[in-house]
Amino acid sequence: MTIIIQENVFSISKIISELSKKDNVGAVVSFSGYVREFSKEKKLKFMEIEHYPGMTEKSLESIEKKARNQWDVNETIIVHRVGKLLPKDIIVGVIVSSKHRTNAFKACEFIIDFLKTDAPFWKKEISDEDKVWVSERQEDIKKKTNWNKLD
Amino acid sequence: MTIIIQENVFSISKIISELSKKDNVGAVVSFSGYVREFSKEKKLKFMEIEHYPGMTEKSLESIEKKARNQWDVNETIIVHRVGKLLPKDIIVGVIVSSKHRTNAFKACEFIIDFLKTDAPFWKKEISDEDKVWVSERQEDIKKKTNWNKLD
Amino acid sequence: MNLKLLFFASLREQFGFSQKEIALSRTVKSPEEFLLIMSKESGGEWINLFNNKKLYKVAINKDLASWRNLIVEGDELAIFPPITGG
Amino acid sequence: MNLKLLFFASLREQFGFSQKEIALSRTVKSPEEFLLIMSKESGGEWINLFNNKKLYKVAINKDLASWRNLIVEGDELAIFPPITGG
(Lines give C-alpha, C1' and ligand atoms only; values in the text may rest on other atoms or scores of the structure.)
Protein backbone atom coordinates (compact mmCIF):
# COMPACT_ATOMS: atom_id res chain seq x y z
CA MET A 1 0.00 0.00 0.00
CA THR A 2 1.29 3.43 -0.99
CA ILE A 3 -0.60 6.63 -0.24
CA ILE A 4 0.65 9.92 -1.62
CA ILE A 5 -0.89 13.35 -1.16
CA GLN A 6 0.94 16.01 -3.13
CA GLU A 7 0.59 19.33 -4.96
CA ASN A 8 2.64 18.29 -7.96
CA VAL A 9 1.39 16.52 -11.01
CA PHE A 10 2.12 12.77 -11.18
CA SER A 11 2.35 10.12 -13.86
CA ILE A 12 -0.17 7.30 -13.80
CA SER A 13 1.85 5.67 -16.54
CA LYS A 14 5.00 5.35 -14.50
CA ILE A 15 3.07 3.75 -11.65
CA ILE A 16 1.34 1.21 -13.91
CA SER A 17 4.60 0.24 -15.55
CA GLU A 18 6.39 -0.14 -12.20
CA LEU A 19 3.61 -2.33 -10.78
CA SER A 20 3.53 -4.49 -13.89
CA LYS A 21 7.20 -5.38 -13.51
CA LYS A 22 6.79 -6.95 -10.08
CA ASP A 23 6.41 -10.70 -9.74
CA ASN A 24 3.19 -12.56 -10.30
CA VAL A 25 1.20 -9.68 -11.78
CA GLY A 26 -1.43 -10.71 -14.30
CA ALA A 27 -3.56 -7.56 -14.23
CA VAL A 28 -3.28 -3.88 -13.44
CA VAL A 29 -6.40 -1.75 -13.22
CA SER A 30 -6.06 2.00 -12.96
CA PHE A 31 -8.52 4.76 -12.32
CA SER A 32 -7.54 8.34 -13.00
CA GLY A 33 -9.76 11.34 -12.32
CA TYR A 34 -9.41 14.68 -14.08
CA VAL A 35 -10.62 18.25 -13.68
CA ARG A 36 -13.46 18.79 -16.12
CA GLU A 37 -13.60 22.10 -18.01
CA PHE A 38 -17.27 22.64 -17.35
CA SER A 39 -19.26 22.34 -14.15
CA LYS A 40 -23.00 22.91 -14.47
CA GLU A 41 -22.50 24.92 -17.68
CA LYS A 42 -19.92 27.19 -16.07
CA LYS A 43 -16.45 27.26 -17.62
CA LEU A 44 -13.94 26.49 -14.93
CA LYS A 45 -10.90 28.74 -14.52
CA PHE A 46 -9.27 26.57 -11.90
CA MET A 47 -9.98 24.38 -8.90
CA GLU A 48 -8.61 24.39 -5.37
CA ILE A 49 -8.42 21.23 -3.33
CA GLU A 50 -8.09 21.34 0.43
CA HIS A 51 -7.55 18.36 2.70
CA TYR A 52 -7.22 17.38 6.35
CA PRO A 53 -3.62 16.24 6.73
CA GLY A 54 -3.33 13.13 8.86
CA MET A 55 -6.97 12.16 8.61
CA THR A 56 -6.64 11.81 4.83
CA GLU A 57 -3.90 9.20 5.18
CA LYS A 58 -5.70 7.47 8.05
CA SER A 59 -8.97 7.16 6.14
CA LEU A 60 -7.27 5.99 2.93
CA GLU A 61 -5.32 3.35 4.85
CA SER A 62 -8.52 2.05 6.35
CA ILE A 63 -10.27 1.99 2.95
CA GLU A 64 -7.32 0.15 1.44
CA LYS A 65 -7.38 -2.42 4.23
CA LYS A 66 -11.09 -3.06 3.69
CA ALA A 67 -10.46 -3.61 -0.03
CA ARG A 68 -7.55 -5.95 0.66
CA ASN A 69 -9.69 -8.00 3.07
CA GLN A 70 -12.24 -8.62 0.35
CA TRP A 71 -10.10 -9.15 -2.74
CA ASP A 72 -6.75 -10.83 -3.31
CA VAL A 73 -4.62 -7.99 -4.66
CA ASN A 74 -0.86 -7.52 -4.95
CA GLU A 75 -0.27 -3.80 -4.64
CA THR A 76 -2.34 -0.66 -4.35
CA ILE A 77 -1.22 2.88 -4.99
CA ILE A 78 -3.37 5.91 -4.22
CA VAL A 79 -2.20 9.38 -5.28
CA HIS A 80 -4.30 12.51 -4.72
CA ARG A 81 -3.37 16.07 -5.51
CA VAL A 82 -4.18 19.13 -3.43
CA GLY A 83 -3.79 22.86 -4.09
CA LYS A 84 -4.51 24.65 -7.36
CA LEU A 85 -5.47 22.55 -10.39
CA LEU A 86 -6.31 23.57 -13.93
CA PRO A 87 -8.90 22.08 -16.31
CA LYS A 88 -7.79 18.66 -17.65
CA ASP A 89 -5.26 18.27 -14.83
CA ILE A 90 -5.12 14.91 -13.16
CA ILE A 91 -6.61 14.94 -9.63
CA VAL A 92 -6.41 11.38 -8.40
CA GLY A 93 -5.04 8.00 -9.36
CA VAL A 94 -5.88 4.58 -7.93
CA ILE A 95 -3.80 1.72 -9.31
CA VAL A 96 -4.22 -1.90 -8.26
CA SER A 97 -2.30 -4.97 -9.39
CA SER A 98 -3.37 -8.57 -8.91
CA LYS A 99 -2.92 -12.04 -10.27
CA HIS A 100 -6.43 -12.21 -11.74
CA ARG A 101 -8.27 -9.23 -13.14
CA THR A 102 -11.54 -9.28 -11.22
CA ASN A 103 -9.83 -8.63 -7.89
CA ALA A 104 -8.02 -5.59 -9.28
CA PHE A 105 -11.23 -4.20 -10.82
CA LYS A 106 -13.26 -4.60 -7.64
CA ALA A 107 -10.58 -3.27 -5.29
CA CYS A 108 -9.86 -0.26 -7.53
CA GLU A 109 -13.52 0.72 -7.84
CA PHE A 110 -14.11 0.15 -4.10
CA ILE A 111 -11.18 2.38 -3.16
CA ILE A 112 -12.20 5.30 -5.37
CA ASP A 113 -15.85 4.99 -4.31
CA PHE A 114 -14.97 5.21 -0.62
CA LEU A 115 -12.32 7.87 -1.21
CA LYS A 116 -15.10 10.01 -2.68
CA THR A 117 -17.18 9.91 0.49
CA ASP A 118 -14.78 9.17 3.36
CA ALA A 119 -11.40 10.76 2.58
CA PRO A 120 -11.37 14.41 3.72
CA PHE A 121 -10.80 16.40 0.53
CA TRP A 122 -12.84 19.41 -0.52
CA LYS A 123 -12.99 20.98 -3.96
CA LYS A 124 -13.63 24.63 -4.74
CA GLU A 125 -14.42 25.62 -8.31
CA ILE A 126 -13.40 29.05 -9.50
CA SER A 127 -15.06 30.41 -12.66
CA ASP A 128 -15.43 33.92 -14.03
CA GLU A 129 -18.83 34.11 -12.38
CA ASP A 130 -18.16 32.76 -8.91
CA LYS A 131 -16.21 30.60 -6.47
CA VAL A 132 -18.18 27.67 -5.12
CA TRP A 133 -17.43 24.73 -2.89
CA VAL A 134 -18.49 21.61 -4.73
CA SER A 135 -21.46 19.87 -3.14
CA GLU A 136 -21.65 16.12 -2.65
CA ARG A 137 -23.05 13.92 -5.42
CA GLN A 138 -26.00 11.76 -4.42
CA GLU A 139 -24.68 9.20 -6.90
CA ASP A 140 -21.50 8.84 -4.79
CA ILE A 141 -23.46 8.18 -1.62
CA LYS A 142 -25.59 5.61 -3.41
CA LYS A 143 -22.50 3.79 -4.73
CA LYS A 144 -21.03 3.57 -1.24
CA THR A 145 -24.30 2.19 0.09
CA ASN A 146 -24.34 -0.46 -2.63
CA TRP A 147 -20.92 -1.72 -1.55
CA ASN A 148 -22.10 -1.93 2.04
CA LYS A 149 -24.99 -4.12 0.92
CA LEU A 150 -22.48 -6.57 -0.52
CA ASP A 151 -20.57 -6.88 2.74
CA MET B 1 -13.61 3.17 -30.75
CA THR B 2 -10.09 2.08 -31.65
CA ILE B 3 -9.09 -1.56 -32.02
CA ILE B 4 -5.46 -2.48 -32.56
CA ILE B 5 -3.98 -5.95 -33.00
CA GLN B 6 -0.21 -5.89 -33.23
CA GLU B 7 2.98 -7.80 -32.50
CA ASN B 8 4.85 -4.84 -31.06
CA VAL B 9 4.77 -3.72 -27.48
CA PHE B 10 2.57 -0.69 -26.74
CA SER B 11 2.34 1.95 -24.08
CA ILE B 12 -0.79 2.02 -21.91
CA SER B 13 0.51 5.27 -20.49
CA LYS B 14 0.51 7.13 -23.76
CA ILE B 15 -3.06 6.05 -24.45
CA ILE B 16 -4.32 7.12 -21.02
CA SER B 17 -2.66 10.48 -21.32
CA GLU B 18 -4.04 11.08 -24.81
CA LEU B 19 -7.58 10.18 -23.75
CA SER B 20 -7.38 12.39 -20.70
CA LYS B 21 -6.60 15.45 -22.81
CA LYS B 22 -9.81 15.26 -24.81
CA ASP B 23 -12.80 17.38 -23.83
CA ASN B 24 -15.19 16.50 -21.07
CA VAL B 25 -13.21 13.61 -19.59
CA GLY B 26 -13.66 13.13 -15.85
CA ALA B 27 -12.44 9.57 -15.58
CA VAL B 28 -10.18 7.11 -17.35
CA VAL B 29 -10.17 3.46 -16.36
CA SER B 30 -7.55 1.15 -17.78
CA PHE B 31 -7.04 -2.57 -17.63
CA SER B 32 -3.73 -4.06 -18.65
CA GLY B 33 -2.99 -7.77 -18.75
CA TYR B 34 0.51 -9.24 -18.50
CA VAL B 35 2.24 -12.55 -19.12
CA ARG B 36 2.75 -14.22 -15.74
CA GLU B 37 6.06 -15.98 -15.10
CA PHE B 38 4.45 -19.10 -13.70
CA SER B 39 1.57 -21.14 -14.99
CA LYS B 40 0.52 -24.05 -12.78
CA GLU B 41 3.95 -24.16 -11.11
CA LYS B 42 5.77 -24.28 -14.44
CA LYS B 43 8.21 -21.48 -15.19
CA LEU B 44 7.26 -19.96 -18.51
CA LYS B 45 9.92 -19.41 -21.16
CA PHE B 46 7.64 -17.56 -23.54
CA MET B 47 4.13 -17.44 -24.86
CA GLU B 48 2.73 -17.47 -28.38
CA ILE B 49 -0.54 -15.81 -29.21
CA GLU B 50 -2.44 -16.67 -32.36
CA HIS B 51 -5.58 -14.97 -33.61
CA TYR B 52 -8.17 -15.08 -36.36
CA PRO B 53 -7.63 -11.92 -38.39
CA GLY B 54 -10.86 -10.26 -39.34
CA MET B 55 -12.99 -12.11 -36.84
CA THR B 56 -10.97 -10.60 -34.00
CA GLU B 57 -11.79 -7.06 -35.09
CA LYS B 58 -15.40 -7.96 -35.84
CA SER B 59 -15.99 -9.50 -32.42
CA LEU B 60 -14.25 -6.67 -30.56
CA GLU B 61 -16.32 -4.10 -32.43
CA SER B 62 -19.48 -5.91 -31.45
CA ILE B 63 -18.36 -6.16 -27.78
CA GLU B 64 -17.51 -2.44 -27.76
CA LYS B 65 -20.91 -1.55 -29.20
CA LYS B 66 -22.68 -3.58 -26.52
CA ALA B 67 -20.69 -1.77 -23.82
CA ARG B 68 -21.46 1.62 -25.35
CA ASN B 69 -25.18 0.82 -25.47
CA GLN B 70 -25.18 0.18 -21.75
CA TRP B 71 -22.89 2.88 -20.39
CA ASP B 72 -22.27 6.47 -21.38
CA VAL B 73 -18.59 6.46 -22.30
CA ASN B 74 -16.47 8.87 -24.32
CA GLU B 75 -13.76 6.76 -25.92
CA THR B 76 -12.63 3.14 -25.84
CA ILE B 77 -9.29 1.77 -26.95
CA ILE B 78 -8.56 -1.94 -27.18
CA VAL B 79 -5.02 -3.13 -27.96
CA HIS B 80 -4.07 -6.82 -28.08
CA ARG B 81 -0.72 -8.27 -28.96
CA VAL B 82 -0.09 -11.44 -30.96
CA GLY B 83 3.05 -13.43 -31.67
CA LYS B 84 5.83 -14.22 -29.23
CA LEU B 85 5.63 -12.66 -25.75
CA LEU B 86 7.98 -12.95 -22.79
CA PRO B 87 7.15 -13.14 -19.08
CA LYS B 88 6.00 -9.74 -17.72
CA ASP B 89 5.25 -8.49 -21.24
CA ILE B 90 2.01 -6.63 -21.70
CA ILE B 91 -0.60 -8.67 -23.61
CA VAL B 92 -3.71 -6.52 -23.71
CA GLY B 93 -4.93 -3.06 -22.81
CA VAL B 94 -8.49 -1.79 -22.52
CA ILE B 95 -8.80 1.91 -21.82
CA VAL B 96 -12.11 3.72 -21.41
CA SER B 97 -12.79 7.40 -20.77
CA SER B 98 -16.05 8.89 -19.54
CA LYS B 99 -17.52 11.88 -17.79
CA HIS B 100 -18.34 9.94 -14.62
CA ARG B 101 -16.27 7.07 -13.31
CA THR B 102 -18.83 4.28 -12.94
CA ASN B 103 -19.49 4.13 -16.68
CA ALA B 104 -15.79 3.78 -17.45
CA PHE B 105 -15.35 1.04 -14.82
CA LYS B 106 -18.31 -1.00 -16.04
CA ALA B 107 -17.53 -0.64 -19.74
CA CYS B 108 -13.85 -1.50 -19.24
CA GLU B 109 -14.60 -4.64 -17.21
CA PHE B 110 -17.36 -5.69 -19.62
CA ILE B 111 -15.05 -5.36 -22.62
CA ILE B 112 -12.20 -7.40 -21.13
CA ASP B 113 -14.62 -10.04 -19.81
CA PHE B 114 -16.16 -10.58 -23.25
CA LEU B 115 -12.80 -10.32 -25.00
CA LYS B 116 -11.70 -13.29 -22.87
CA THR B 117 -14.48 -15.54 -24.14
CA ASP B 118 -15.54 -14.15 -27.54
CA ALA B 119 -12.52 -12.63 -29.28
CA PRO B 120 -10.59 -15.32 -31.19
CA PHE B 121 -7.15 -15.36 -29.56
CA TRP B 122 -5.34 -18.47 -28.40
CA LYS B 123 -2.37 -18.68 -26.08
CA LYS B 124 0.34 -21.31 -26.10
CA GLU B 125 2.69 -21.53 -23.15
CA ILE B 126 6.22 -22.76 -23.73
CA SER B 127 8.22 -23.93 -20.70
CA ASP B 128 11.29 -26.13 -20.39
CA GLU B 129 9.00 -29.09 -19.80
CA ASP B 130 6.40 -28.67 -22.52
CA LYS B 131 4.37 -26.58 -24.93
CA VAL B 132 0.69 -26.39 -24.08
CA TRP B 133 -2.30 -24.55 -25.44
CA VAL B 134 -3.91 -22.73 -22.54
CA SER B 135 -7.33 -24.10 -21.64
CA GLU B 136 -10.30 -21.89 -20.90
CA ARG B 137 -10.91 -20.67 -17.34
CA GLN B 138 -14.29 -21.58 -15.88
CA GLU B 139 -14.11 -18.28 -13.99
CA ASP B 140 -14.15 -16.41 -17.31
CA ILE B 141 -17.25 -18.21 -18.50
CA LYS B 142 -18.97 -17.52 -15.20
CA LYS B 143 -18.16 -13.81 -15.41
CA LYS B 144 -19.63 -13.58 -18.90
CA THR B 145 -22.79 -15.33 -17.73
CA ASN B 146 -23.11 -12.87 -14.86
CA TRP B 147 -23.12 -9.94 -17.28
CA ASN B 148 -25.78 -11.60 -19.36
CA LYS B 149 -27.97 -11.88 -16.27
CA LEU B 150 -27.77 -8.10 -15.90
CA ASP B 151 -29.00 -7.45 -19.43
CA MET C 1 -12.05 21.13 29.18
CA ASN C 2 -9.52 21.53 26.37
CA LEU C 3 -10.18 20.58 22.77
CA LYS C 4 -8.43 21.15 19.49
CA LEU C 5 -10.92 22.36 16.90
CA LEU C 6 -10.46 22.27 13.12
CA PHE C 7 -12.66 23.71 10.39
CA PHE C 8 -12.33 22.96 6.69
CA ALA C 9 -13.60 24.33 3.39
CA SER C 10 -16.68 26.57 3.66
CA LEU C 11 -16.66 26.43 7.49
CA ARG C 12 -13.03 27.50 7.60
CA GLU C 13 -13.91 30.49 5.45
CA GLN C 14 -17.01 31.34 7.44
CA PHE C 15 -15.31 31.21 10.82
CA GLY C 16 -12.08 32.74 9.55
CA PHE C 17 -9.77 30.14 11.06
CA SER C 18 -8.70 26.59 10.30
CA GLN C 19 -7.66 25.46 13.76
CA LYS C 20 -7.84 26.67 17.33
CA GLU C 21 -7.19 25.39 20.82
CA ILE C 22 -10.45 25.74 22.74
CA ALA C 23 -10.63 25.96 26.54
CA LEU C 24 -14.18 25.36 27.64
CA SER C 25 -15.42 26.53 31.03
CA ARG C 26 -17.15 23.16 31.50
CA THR C 27 -16.97 19.58 30.27
CA VAL C 28 -18.92 18.46 27.21
CA LYS C 29 -19.61 14.87 26.26
CA SER C 30 -20.21 15.06 22.48
CA PRO C 31 -19.58 17.25 19.45
CA GLU C 32 -23.26 18.16 19.60
CA GLU C 33 -22.95 19.40 23.17
CA PHE C 34 -19.79 21.26 22.20
CA LEU C 35 -21.69 23.18 19.53
CA LEU C 36 -24.52 23.89 21.95
CA ILE C 37 -22.14 25.44 24.49
CA MET C 38 -20.32 27.43 21.82
CA SER C 39 -23.56 28.77 20.39
CA LYS C 40 -24.70 29.81 23.90
CA GLU C 41 -21.36 31.38 24.85
CA SER C 42 -20.20 32.83 21.54
CA GLY C 43 -23.43 33.13 19.51
CA GLY C 44 -23.20 34.35 15.90
CA GLU C 45 -22.01 31.74 13.40
CA TRP C 46 -22.04 29.10 16.13
CA ILE C 47 -25.82 29.25 16.46
CA ASN C 48 -26.06 28.77 12.71
CA LEU C 49 -23.72 25.82 12.80
CA PHE C 50 -25.54 24.21 15.72
CA ASN C 51 -28.88 24.54 13.94
CA ASN C 52 -27.52 23.24 10.64
CA LYS C 53 -25.24 20.55 11.99
CA LYS C 54 -27.00 17.89 9.92
CA LEU C 55 -25.45 19.52 6.85
CA TYR C 56 -21.95 18.97 8.24
CA LYS C 57 -19.71 16.08 9.22
CA VAL C 58 -17.61 15.65 12.30
CA ALA C 59 -14.41 13.72 12.94
CA ILE C 60 -12.98 12.89 16.36
CA ASN C 61 -9.22 12.30 16.40
CA LYS C 62 -9.23 11.96 12.62
CA ASP C 63 -11.98 9.34 12.44
CA LEU C 64 -15.40 10.08 11.01
CA ALA C 65 -17.85 10.21 13.93
CA SER C 66 -21.41 11.16 14.69
CA TRP C 67 -22.57 14.26 16.56
CA ARG C 68 -23.37 12.14 19.60
CA ASN C 69 -20.08 10.23 19.86
CA LEU C 70 -18.19 10.62 23.10
CA ILE C 71 -15.40 13.18 23.29
CA VAL C 72 -12.88 13.54 26.09
CA GLU C 73 -10.26 16.03 27.30
CA GLY C 74 -7.64 16.78 24.64
CA ASP C 75 -9.58 15.36 21.70
CA GLU C 76 -9.14 16.74 18.20
CA LEU C 77 -12.51 17.73 16.82
CA ALA C 78 -12.91 18.54 13.11
CA ILE C 79 -16.07 19.91 11.56
CA PHE C 80 -16.52 20.20 7.81
CA PRO C 81 -18.98 20.07 4.93
CA PRO C 82 -19.48 16.77 3.06
CA ILE C 83 -16.36 15.41 1.43
CA THR C 84 -15.92 16.08 -2.30
CA GLY C 85 -12.53 14.65 -3.25
CA GLY C 86 -11.55 12.30 -6.00
CA MET D 1 -20.46 -27.19 -52.49
CA ASN D 2 -17.49 -24.92 -51.88
CA LEU D 3 -16.44 -23.78 -48.40
CA LYS D 4 -13.43 -22.02 -46.97
CA LEU D 5 -12.23 -23.83 -43.88
CA LEU D 6 -9.98 -22.42 -41.19
CA PHE D 7 -8.39 -24.17 -38.21
CA PHE D 8 -6.70 -22.44 -35.29
CA ALA D 9 -4.43 -23.31 -32.38
CA SER D 10 -4.36 -27.03 -31.48
CA LEU D 11 -6.60 -27.97 -34.43
CA ARG D 12 -4.32 -26.16 -36.85
CA GLU D 13 -1.38 -28.16 -35.51
CA GLN D 14 -3.29 -31.45 -35.54
CA PHE D 15 -4.53 -31.07 -39.10
CA GLY D 16 -1.33 -29.48 -40.32
CA PHE D 17 -2.99 -26.55 -42.10
CA SER D 18 -4.60 -23.28 -41.13
CA GLN D 19 -6.87 -22.73 -44.11
CA LYS D 20 -8.09 -24.63 -47.12
CA GLU D 21 -10.65 -24.29 -49.89
CA ILE D 22 -12.91 -27.34 -49.64
CA ALA D 23 -14.95 -28.64 -52.57
CA LEU D 24 -17.56 -31.05 -51.27
CA SER D 25 -19.21 -33.62 -53.54
CA ARG D 26 -22.59 -32.73 -52.01
CA THR D 27 -24.33 -29.92 -50.16
CA VAL D 28 -24.24 -29.74 -46.37
CA LYS D 29 -26.54 -27.59 -44.25
CA SER D 30 -24.56 -27.12 -41.04
CA PRO D 31 -21.04 -27.30 -39.61
CA GLU D 32 -22.09 -30.51 -37.93
CA GLU D 33 -23.10 -32.08 -41.22
CA PHE D 34 -19.86 -30.82 -42.77
CA LEU D 35 -17.85 -32.68 -40.10
CA LEU D 36 -19.94 -35.79 -40.60
CA ILE D 37 -19.24 -35.84 -44.35
CA MET D 38 -15.52 -35.14 -43.84
CA SER D 39 -15.22 -37.92 -41.27
CA LYS D 40 -16.94 -40.32 -43.67
CA GLU D 41 -14.92 -39.28 -46.69
CA SER D 42 -11.52 -38.53 -45.15
CA GLY D 43 -11.59 -40.44 -41.86
CA GLY D 44 -8.63 -40.09 -39.48
CA GLU D 45 -8.53 -36.85 -37.50
CA TRP D 46 -11.94 -35.88 -38.88
CA ILE D 47 -13.64 -38.72 -37.04
CA ASN D 48 -12.00 -37.55 -33.87
CA LEU D 49 -13.12 -34.00 -34.45
CA PHE D 50 -16.67 -35.03 -35.26
CA ASN D 51 -16.88 -37.09 -32.09
CA ASN D 52 -15.37 -34.37 -29.92
CA LYS D 53 -17.01 -31.38 -31.51
CA LYS D 54 -18.48 -30.30 -28.18
CA LEU D 55 -14.95 -29.42 -27.10
CA TYR D 56 -14.57 -26.99 -30.01
CA LYS D 57 -16.16 -23.79 -31.22
CA VAL D 58 -17.29 -22.87 -34.70
CA ALA D 59 -17.60 -19.54 -36.48
CA ILE D 60 -19.46 -18.92 -39.72
CA ASN D 61 -18.25 -15.92 -41.72
CA LYS D 62 -16.38 -14.64 -38.66
CA ASP D 63 -19.33 -14.81 -36.25
CA LEU D 64 -19.51 -17.32 -33.42
CA ALA D 65 -22.12 -19.90 -34.35
CA SER D 66 -23.46 -23.26 -33.22
CA TRP D 67 -22.84 -26.62 -34.86
CA ARG D 68 -26.38 -26.61 -36.21
CA ASN D 69 -26.41 -23.13 -37.73
CA LEU D 70 -27.14 -22.95 -41.44
CA ILE D 71 -24.22 -22.73 -43.87
CA VAL D 72 -24.43 -21.96 -47.56
CA GLU D 73 -22.22 -22.06 -50.63
CA GLY D 74 -19.03 -20.02 -50.26
CA ASP D 75 -19.24 -19.63 -46.48
CA GLU D 76 -16.12 -19.26 -44.37
CA LEU D 77 -16.12 -21.90 -41.67
CA ALA D 78 -13.65 -21.70 -38.78
CA ILE D 79 -13.19 -24.40 -36.15
CA PHE D 80 -11.10 -23.87 -33.05
CA PRO D 81 -10.65 -24.72 -29.38
CA PRO D 82 -12.13 -22.38 -26.74
CA ILE D 83 -10.78 -18.85 -26.85
CA THR D 84 -8.03 -17.95 -24.38
CA GLY D 85 -7.02 -14.39 -25.16
CA GLY D 86 -6.66 -11.38 -22.94
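Just so it is clear, A, B, C and D label the chains in written order, and each chain counts residues from 1 on its own.
Everything below uses one rule, namely that a residue touches a chain if its C-beta (ideal position, glycine included) is under 8 Å from a C-beta of that chain, and two chains touch if they have at least 3 such contacts.
Since the structure is predicted, the reported quantities are computational estimates derived from the model, not experimental observations.
Using the mean of the Cα atoms as each chain's centre, the chain most removed from chain A is D. Put simply, the C-alpha centre of chain B and that of chain D have 27 angstrom between them.
Mean C-alpha position of chain B lies 49 Å from that of chain C. The centroid of the Cα atoms in chain C and the matching centroid in chain D are 73 Å apart. Shared interface positions of chain B, defined as residues touching 2 or more other chains, are 33, 112. Shown for chain D are the residues in touch with two or more other chains, of which there are none. The set of touching chain pairs reads A-B, A-C, B-D, using the touch definition from the header. Chain contact summary for the complex, chain C toward chain A: residues 6, 8-10, 12, 59, 62-64, 78, 80-86. Contacts from chain B toward chain A in the complex involve residues 11-14, 16-17, 20-21, 23-34, 36-38, 88, 90, 99-102, 104-105, 108-109, 112, 139, 143. Within the complex formed with chain C, the chain A residues making contact are 33, 49-52, 54-55, 58-59, 80, 91-92, 112, 115-124, 133-136.
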